[in-house]
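Order of writing sets the chain letters: A, B, C and D. Residues in each chain are counted from 1.
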Amino acid sequence: MCGIFGIYNHPEASNLVYLGLYALQHRGQESAGIVSSDNRQLHHYRQMGLVSEVFTKDILKRLPGKSAIGHVRYSTAGSSELKNAQPFVVDYYKGSLAIAHNGNLTNAFLIKGELESKGSIFQSNMDTEVIVHLIARSKEKSTLERTVHALKQLEGAYSLVIMTENELIVARDPFGFRPLVLGQLKDAPVVASETCAFDLIGAKFVREIEPGEILLINGEGIKSFKPFPHKQPHQCVFEFIYFARPDSFIFKRNVYEVRKSFGAQLAREAPVKVDMVVPIPDSGFPATLGFSAESKIPLELGMIRNHYIGRTFIEPEQRIRHFGVKIKLNPVKELLKDKKIVTVDDSIVRATTSRKINKMFRNAGAKEVHVRISSPPITHPCFFGIDTPKRSELIASYHKVKEIQKFINASSLHYLSLEGLKKCVREDAESFCYACFTGDYPTPFQMDLD
Amino acid sequence: MCGIFGIYNHPEASNLVYLGLYALQHRGQESAGIVSSDNRQLHHYRQMGLVSEVFTKDILKRLPGKSAIGHVRYSTAGSSELKNAQPFVVDYYKGSLAIAHNGNLTNAFLIKGELESKGSIFQSNMDTEVIVHLIARSKEKSTLERTVHALKQLEGAYSLVIMTENELIVARDPFGFRPLVLGQLKDAPVVASETCAFDLIGAKFVREIEPGEILLINGEGIKSFKPFPHKQPHQCVFEFIYFARPDSFIFKRNVYEVRKSFGAQLAREAPVKVDMVVPIPDSGFPATLGFSAESKIPLELGMIRNHYIGRTFIEPEQRIRHFGVKIKLNPVKELLKDKKIVTVDDSIVRATTSRKINKMFRNAGAKEVHVRISSPPITHPCFFGIDTPKRSELIASYHKVKEIQKFINASSLHYLSLEGLKKCVREDAESFCYACFTGDYPTPFQMDLD
Amino acid sequence: MCGIFGIYNHPEASNLVYLGLYALQHRGQESAGIVSSDNRQLHHYRQMGLVSEVFTKDILKRLPGKSAIGHVRYSTAGSSELKNAQPFVVDYYKGSLAIAHNGNLTNAFLIKGELESKGSIFQSNMDTEVIVHLIARSKEKSTLERTVHALKQLEGAYSLVIMTENELIVARDPFGFRPLVLGQLKDAPVVASETCAFDLIGAKFVREIEPGEILLINGEGIKSFKPFPHKQPHQCVFEFIYFARPDSFIFKRNVYEVRKSFGAQLAREAPVKVDMVVPIPDSGFPATLGFSAESKIPLELGMIRNHYIGRTFIEPEQRIRHFGVKIKLNPVKELLKDKKIVTVDDSIVRATTSRKINKMFRNAGAKEVHVRISSPPITHPCFFGIDTPKRSELIASYHKVKEIQKFINASSLHYLSLEGLKKCVREDAESFCYACFTGDYPTPFQMDLD
Amino acid sequence: MCGIFGIYNHPEASNLVYLGLYALQHRGQESAGIVSSDNRQLHHYRQMGLVSEVFTKDILKRLPGKSAIGHVRYSTAGSSELKNAQPFVVDYYKGSLAIAHNGNLTNAFLIKGELESKGSIFQSNMDTEVIVHLIARSKEKSTLERTVHALKQLEGAYSLVIMTENELIVARDPFGFRPLVLGQLKDAPVVASETCAFDLIGAKFVREIEPGEILLINGEGIKSFKPFPHKQPHQCVFEFIYFARPDSFIFKRNVYEVRKSFGAQLAREAPVKVDMVVPIPDSGFPATLGFSAESKIPLELGMIRNHYIGRTFIEPEQRIRHFGVKIKLNPVKELLKDKKIVTVDDSIVRATTSRKINKMFRNAGAKEVHVRISSPPITHPCFFGIDTPKRSELIASYHKVKEIQKFINASSLHYLSLEGLKKCVREDAESFCYACFTGDYPTPFQMDLD
């Protein structure tokens, strides 16, 4: 998964991109990069690491100009190396070009092969590099036309921002898999993956970029284009379930409220008689609140998070049981002793963490530990940008709910039903992608699902 | 404030101290240090920074031996410099000595003057160095006797652990200001500021060290001494209100439960008619839960915390309003719009943060913002280890509640009453120190209260 | 200028490249990089900095495989940025390719324009990237043939080594501007810019790669090809004068001996009656020895070098005169007082350093300071890889010797004559490039000589 | 060995100490420190590492004030740890005190025991800490008197500078073991271990501090005191042989000239018929020049030094023979082939390096390798500050010259005679310490000579 941000026509462009990326850090912690334009040339800096580690005042000073774009990355396509950090910057016959891309192109591999056979060389193994090659090879006249020409050849998910020396081009694929929002900071248009990036810099949220929409931002203002045939949108429901920040507004809804409604629906679908509802810090919190409110079972902070998790860690040689989880979480024994509890988490992927957490609850004295999951079982991998593992590692692919319950040692286990999920998403239910729960992918493609 | 940890007779002593300090990181983020003993000599390492930054595998390897002590520090006495990092290590006529100290000695300055006049030289400006000088100058026979001799000359707060080549001496001052707990990991006795440090390493909690108690831990086991005249304990109630980790058990109670009871009591004392209770992440959470449960007003996560707060930060030159708070917190506008809310926080010191947060709530659309504080107004500085500012900076010192309410722009403001606070602390109420609310310091001393 | 190194079929390939680059560090201190092949794929690492700073044991472990190439760089073409560090690595339709290049292509800019017009994109501003594009676009069958096809389109200087998953291709341009030598370490062929790299790893020197020669090194051994029309070699005489290490053997001679013969010839051409010959540490030493031996004037270490020159440096605000030179060199006043001296240096570029050094000699008490330069005046820039400044900054371009003598405040100044230089280079005199002294460039090209 | 520097009354005091230490870096590369005084208090910074690594502009800014002292250290007494870095800074009953010390106190251990028995605590294991304790315990009135009182109790070597808030005290022990010089930079008196530190900052050399002399530098100028009974000076002749920088003037002579005279004398004492004299870079150079000039045998740079020796180094697993030396030095094979050579080095300690170098010469083709050493055999350890190993590791302690010759595989081996050495030191011969060659230590003491 990745986060992107762009701004046009602001004297502090690269500083503001820095802040925007900071607010989008949850979308990718592997690498960060910013490219700025001073109208004559592009300046860029990328490194592995968090935004606050990668950039310093001095580095930002070396990124002058009034427009800039940025990217935070968690690898979904391309391995974790500096060469795969974005924005990607190149020179071609029309000048320079930088691109920041969130999403996954499903036919990138095929096109890369074709391009190589025509003599193209590739320096990264990102699908994003394919977009740039297609733009460079296009014979269309303007950068906008070349970009459209390139995107028409591509399938899959992309929310992206392209910068040349003097314009920004912003695009969201026709299915609208990933979010992309437009804002305004005084005279400067801004785009970002989520609205939380606008809040930090004090920009006003204007509207979402629509699926299949392309914006051209330059000295003459913002122009909107819809060059693709219309398609039924397939917005990623997992952004609601887990990925986006709860304070963001995307896909026409506030994430926190949607997430809370999942918990409430879950309480209706799978009630349980227990002493307390315990949230798993921090991702499961909004759904837990919804569950507690609907079920009238009191919420208790039975599991405490350590605020100071450092990067590297030294484990003693005599292995401490469940160490990886223990370093982050600690149960409140006095509270849990002899109690029946239910925990609400957003999803189960491999189930190993869930197993460890339940063990900790039981060791702390809990008599019953019921588990509720605020999304349906994940049975299929995502090819559009969410970093789920391959099918064979998804526990729900090959195991029934009862088996998973046994594996994680839960007193009971219930998932939110697909119908329940759709109900919460409401009138827009049909404009979302549920492929990770159903296997009904919106585009056909050749990939090893195993 | 500081955190201390010690272990005796474990083959991985320094690794376990590392973990213990990790769990105590909330008690001090300025510097960290570990001293180990291989029975023949002491090995030590101290640096400015977080535990996870200061120590590496290689550094821990250079701290061999079966006993070790450690310290995390947030300066209360002594400026913020490497020379003030602890544990403090010295050679004297009986061998080597290391000390890790949490608390503040109120007569250190006077004794330092006396010692210097006798030819002592000081290398730090920590009060802790005074303890070591007194031990070194004592003519008593054993380290234990010399330590008792030294401590009898000192006034103020100390929970401390002293290590020589082959023994640990653990002491808590007669007032018992700061917490100190004893645990057991297989054959190894452990001591720590809070029980959360035991949980991480899998040690069993045995009991609290009592006010005025001294433990001698060596090859012959653990011996307990009570060499001081009995005093009425004055345990720091602020550990309950704010400082200790909610999953810890100190002063005979689980911190989370006490903290929650403050919120419930506050709901009874100062009810309010609003649409929702909004916690201020993360410190105010347990009290907020108590308030919500007692008042039946639903809890909503109206303020979201950014998980990725880095160390250094670059602010744009065109100053963004309330930037320091904004980088950490962001309100959920869709939730707050046109709503009446109440927030519960643990305390108000200078009131500047509170003012900014309320402004953010109002900008996000909240119609009324009521504030409840789960402790009484802080009117006096602490001289026993809590890092409150001097009196002139404590807003409640010179301002009435109404004035503070106006300054922070709250629709209403109520503090927990002292009686309410004591009620929650229950039967032990008289064994706590409330000086920061009352000015009734348990020991007389000459200090500039301004 | 740059240094290159390659090895094929050795179990410690990347460790040995590391050492080879270490011995070639004098050829480039700006960036360093290594690419290894484990037969299936290429692994690479590049960073700004010295070899000993860029690589650690851990990084070298991440470069597995039995063949590897490396590069140290001092920018001559392309600005000083990470993206310009080499080896350059790409994927194209036939697999992966890495290249390490020493030299300068004089028609790179034209070809880059053509390639871009056909849709190629460029990520660096190195001329080296052009080579890779030409190889990728070639329709020839083998990598060797594609490489030849590419090199035939290029003009200028190149000593280079290309690595694919399972072979090395080594090439030196028909003019043979830059050195390139072949060695053998047990079963592993090695190539390097200079023989000093072989000495460190204990490899045997086999022979020089000839101008216009291409080697194909793979599992079947080493094959030699001469695909280009024969040209009169133009080996860079400046490698002898200044650039190469004195312990290296290149262009059929030992560098130290050639350099010493320049000094001896200079003593014959421009004798002087003085008390002592003083070398300027460290580059001028061999020529100074030759001058002293021929003239019978005793050599004295009148100028001492500080061994500990760090990277960054803090200058006091009240500027110390000639500070930049003073931090490196200090005269021996007692020795120089009232003496007549002659110094021998290898070349004068801008003359500012020479001016400062002479001032220091005079301040130390020297009565006369004669200067002898062991090469002719540099009047023209180099377009083949030596980092001379543009013509307008070369003092000898626009100033007579007498004027330079006055500028540097020398008692007398003499340069080695071109004839003298050629005499020292002996029978091979016609196979060298003297363009920086004459302006007779071996290839015509369009470039701004100013 | 160590280097010290001090300056009084200059607006850029700490910057100038930085530069002074830079010029004295050859006297200690382990740690560096500076303490400044702004007249009210002392500010200090110390770290492990080279001067250019330890200090940055920002750190120097945090060392304000018009007087400052500094220290570079190579441990002779006390282990290599940060706590042993100097200057040492303490508070005592009269205020603050910083001290920078070069030399070794021979009775420090005894006094430390006495002080500890009176209750003193020690934080380092430097002998220097003893000086400070003695000053702090002295009942004399002024800092000067207390310092004299302290120094009178101490035996051994010390050149030192003490700084209080508003004065400098400079002292050299009665034997004058280590050098100490006085200079002047405009209105600011400066002191340093060697004059090369004055040259860099542009200070004028005034005179040497005499053995047994103490200077008091404060607002009233410089006052000189001679409080100790006169003793026959014992200046360290090893400073001439190896330690001091050749451009320095100490012990009334220029080091380069003395060193060269050792080589000339050696040529007279032990002539040899060979083709060339080869210096071992860099320490043996001046003596080699003297040998060559006297013997008329031509000097040749047969061994070339790599200029870029980094800090850490990765050795290949298949060990390369003599790797440690090879990484630094490489012979010029073409020059040495079939030649008879003599090398001149300053001293032999363990003889292992010499053995490796001779092996390299022979591998490069030299037919005979004669060795001349420009000092007598080192048979006894130094207790006054030179870091020679203990007696059992000194090869000349237990082996005859013939045996050493065989061990290092030399065609012949001759040392400079003690008489020859004294002759070169001339009229002052009796004012030097030759204990490392004779075992005649100037002070009796109890130490394990083994």
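In this text, a residue touches a chain if its C-beta (ideal position, glycine included) is under 8 Å from a C-beta of that chain, and two chains touch if they have at least 3 such contacts.
All of these numbers come straight from a predicted model, not from anything done at the bench.
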item	value
Longest centre-to-centre distance from chain C, chain (CA-based)	B
Chain centre separation (chain B, chain D; CA means) in Å	49
Approximate Å spacing (C-alpha centroids) for the pair chain A, chain D	61
For chain C paired with chain D, centre-to-centre distance based on mean C-alpha positions, whole Å	37
Two or more partner chains touched - positions in chain B	none
Pairs of chains, among all present, that meet the touch criterion	A-B, A-C, B-D, C-D
Partner chain A, residues of chain B touching it in the complex	12, 15-16, 18-19, 22-23, 25-26, 29, 50-53, 55-57, 60, 196, 199-202, 245-247, 249, 254, 256-257, 282, 285-286, 289, 293, 298-301, 304, 306-314, 316-318, 320-321, 326-327, 330-335
Chain A - residues contacting chain C, complex	89-93, 97, 113, 116-123, 125, 132-133, 136-138
